[in-house]
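Across the two complexes that follow, chain A remains constant while its partner is chain B and subsequently chain C.
Here is the complex of A and B:
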């Protein structure tokens, strides 16, 4: 009677058994890695814009406050993009012939808003509100990074749900005093653990309901 | 059989790419829309529209709030955001934008502006002046009055005598 199993059978059986476990694990790990990589989150990739606007120049060199242009950030869900007249407040006198600023002048002349491309785009089922974060100790740079060092604006945080929850579950390490909210260079001090607890009390943050679904989804 | 399995896997993979919830067919704030000539999704109300908040706004324009420390501090904050880039932190007209070539605004400490009524500063913030644009859309009326109060504080600071601050002498070297 012929052998049922060939000499290779043991090897094949071992490979199949190992593959049954390892292939799904590797595949899931790979998909997770792709999903959290800049390929999916666009972190660190500058977005092309109609005008190569530099926060490094306007915030870093000139020292403009965030609110000079993003006027709605303290009072509304949207931080607000400046109308062309805000650009022209200075550029009606400065760099008036610069080719780089031609789209700004054209926008003002034709009354057509400049079409900026979104850098931070949350899914439409997330109801994010800037003002509530600003009013409760979350500074601009906690999510947007130090824009005073960005010649072209890019994302620095993945804006995934896991990332949002990492702060909503434990906000204390991310909170800062009211006077530091708009400071793009702010970093937590060495004694920040204690300060974070005090800030939680100062802002009256109720951690128990920060991770409720309805906080962000409706 | 093989093709069916592959097709099934592909369907499963593509199901993960359904973005209809992520990018819903709606017009977002600051979104664009090609159906209007200016390309913006947001529409301006017709000329002459009176917003529900307009009466309160008008009232705040006409009636300056009482000057308190809180109002001056608010003015200080707003001044540093909107005015200091040109007028300078102390109001001498030497802000960073001026140092980069913008025409220099007059100093608040000149005799003319020290004698100017509060309404003058309020009107300049509202309507602009010379090469200065209007800040009406960026600074609401109450904040304009707060800034005016802070400008007065700046003017006082540059023309104070030692007698005005009794404790200062001990702190001087």
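Here is the complex of A and C:
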């Protein structure tokens, strides 16, 4: 009787058997990589805005405090976006004819707020609160990066649940003294491990319940 | 080939109690089992079966689409009876799926040689029943699209399964059992697939069976490895058979409800599962031997042995029910006494009495030899047992949830058309998969029966 298979069939059989195990593993690893890549998280990709607002200029060059525009950050869940009148505290005098600022003047004239596009947008089932983070030693730049070096605003952190939890599980390395909260250039010092422990005690942070579901979800 | 088939089956061979088969040579076994697959004989009965099964499968698919599309609100579940048909069906199908591996493993390890003729199609039954059972917990979820969250996989949420959830236990119990059953069933098939490869004449058949038989050459080395491997797998199977249905029992026992909170549940569920599984094997064995004309291999001696196991199962079930009543009464708790009264005289009492009849009383007829050897009696009782076991599962859910601690929570369950569609449809889906199995694979383990025939003829 003639052979059913050629000698090549053995190779094919081995490849199929190996693929049965390796393909699902590789596939899962690939999907995980895609989900944590900037393709899915948009980290480092500037968002188009109606006016090319530069944090690098306003924070880095001019030296404005974060709270000058984001007034609600210490007291409410939402940090707040400035009304057009805040822009006009300077721009009613400076660059009054600049073409770039035409939408600002139009907004003031018509009484319609500028429609900025969100850079940091969490899902609706996440009840993030800015004030509690500010009050407990998490500075702006810990999540938003050093905006004083951003001509156009972009995300620097993935904002995935895993990223949130990485700090909620071990907050100490990310805490800073109260005076440094709004410092965009702050970096942890060489003996931050000790300082972090002291700050945990200072802010009275209880790590045990920071990862409960209801801390962020309701 | 049909001529040699005629020679092989000695229809006039008198049935002798000491012999399990009515076949005189090993070659005849090959002819008998492979003939339905390789001969161009009439498959009219099979096509009728496939037509009916396909119709029911469409009902099943439609019901699943409805449940997934519209949500579990289309089912009869309400705020008190939060578990309904999907959970009862899940437990029932897992139970059916228990017997196949039990027959393959426990009976192999205890040298019950009669298992050889029935283990293959019983294992196939296990595989399909467990696969269907695995669908039901997903159908019962509020957000079934996230069912894969039950698996620990790398994800950007840093989420890990909640090990305190019974759903996660189910996931592991079903998955490990299903994977094991597939491997056990397939590797048991390999020598027979090689036989089919060597007997089939068409090129497509040779390629198909040749690829699946993984280069089996019937060498002594192959057999040496195979026997060792198969025994080891059988030894692994026994704890799995017990664990899978124990976990299902724990789903209930871990719930702090009257009637569920009983430590006897895991073993009692395992016995119930084997009981219903054996009943299903009896029905399938009758159908397979009729449909494939295998009366010479699956003889009344096999049914006799299975009927004996069923009467044992029924008796243990009766004792389990009695233990349940006793512990309910002995607990002295008002909720348990109230539930017991509800079971016997409440709204679902007719179903409860029917269940007791089907599960405990019906099988007692098998104390008589004539009943164990009468096909009509066997089939009727086996179907009664399967109905009874389904009633048991739905009543475990209904009675306790309908009559829990708070009287203000007491309510009844009104099944909807989708409850019935998904339940009956799953039977059709099972039938369809089973019909495809008997058309493509040898329904009887040829190499094991050949060994049996060899021993019997030599003796």
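The working rule: the second predicted complex is superposed on the first by the 216 of 218 C-alpha atoms of A that agree within 3 Å, B and C clash if a C-alpha of one lies under 4 Å from a C-alpha of the other, contacts with A are read in each partner's own complex, and residues count from 1 in each chain.
Convention: a contact is a pair of C-beta atoms (placed from the backbone, for glycine too) under 8 Å apart; a residue touches a chain by one contact, two chains touch by 3 or more.
All of these numbers come straight from a predicted model, not from anything done at the bench.
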item: Clash or fit, chain B versus chain C on superposed chain A; value: fit
item: Which superposed partner A:83 touches (first chain B, second chain C, both, neither); value: first
item: Touched partner set for A:36, first chain B, second chain C, both or neither; value: second
item: Contacts of A:71 with chain B and chain C, given as first, second, both or neither; value: first
item: Which of chain B and chain C A:62 touches, first, second, both or neither; value: first
item: First (chain B), second (chain C), both or neither touched by A:112; value: first
item: Residues of chain A touched, compared between chain B and chain C (which is higher); value: B
item: Touched partner set for A:7, first chain B, second chain C, both or neither; value: neither
item: Partner chain in contact with A:28 - chain B first, chain C second, else both or neither; value: second
item: Partner chain in contact with A:162 - chain B first, chain C second, else both or neither; value: second
item: Vertex chain A angle, Cα centres of chain C and chain B, expressed to the nearest 10 degrees; value: 140
item: Smallest separation of CA atoms, chain C relative to chain B, angstrom; value: 6
item: Chain A residues touching chain C - in the complex, by the definition given at the top; value: 4-5, 9-10, 13, 28-29, 32, 35-36, 41, 158, 160-163, 165-166
item: Touching residues on chain A, where the partner in the complex is chain B; value: 62-65, 67-68, 71, 77-78, 81, 83, 85-86, 88-90, 92-94, 111-113, 115, 123-125
item: Chain A-facing residues of chain B, complex; value: 21-24, 26, 28-30, 32, 37-40, 80-82, 85, 96-97, 100-103, 131, 133, 137-138
item: Of all residues in chain C, those that touch chain A in their complex; value: 153-159, 197, 206-207, 210-211, 214-215
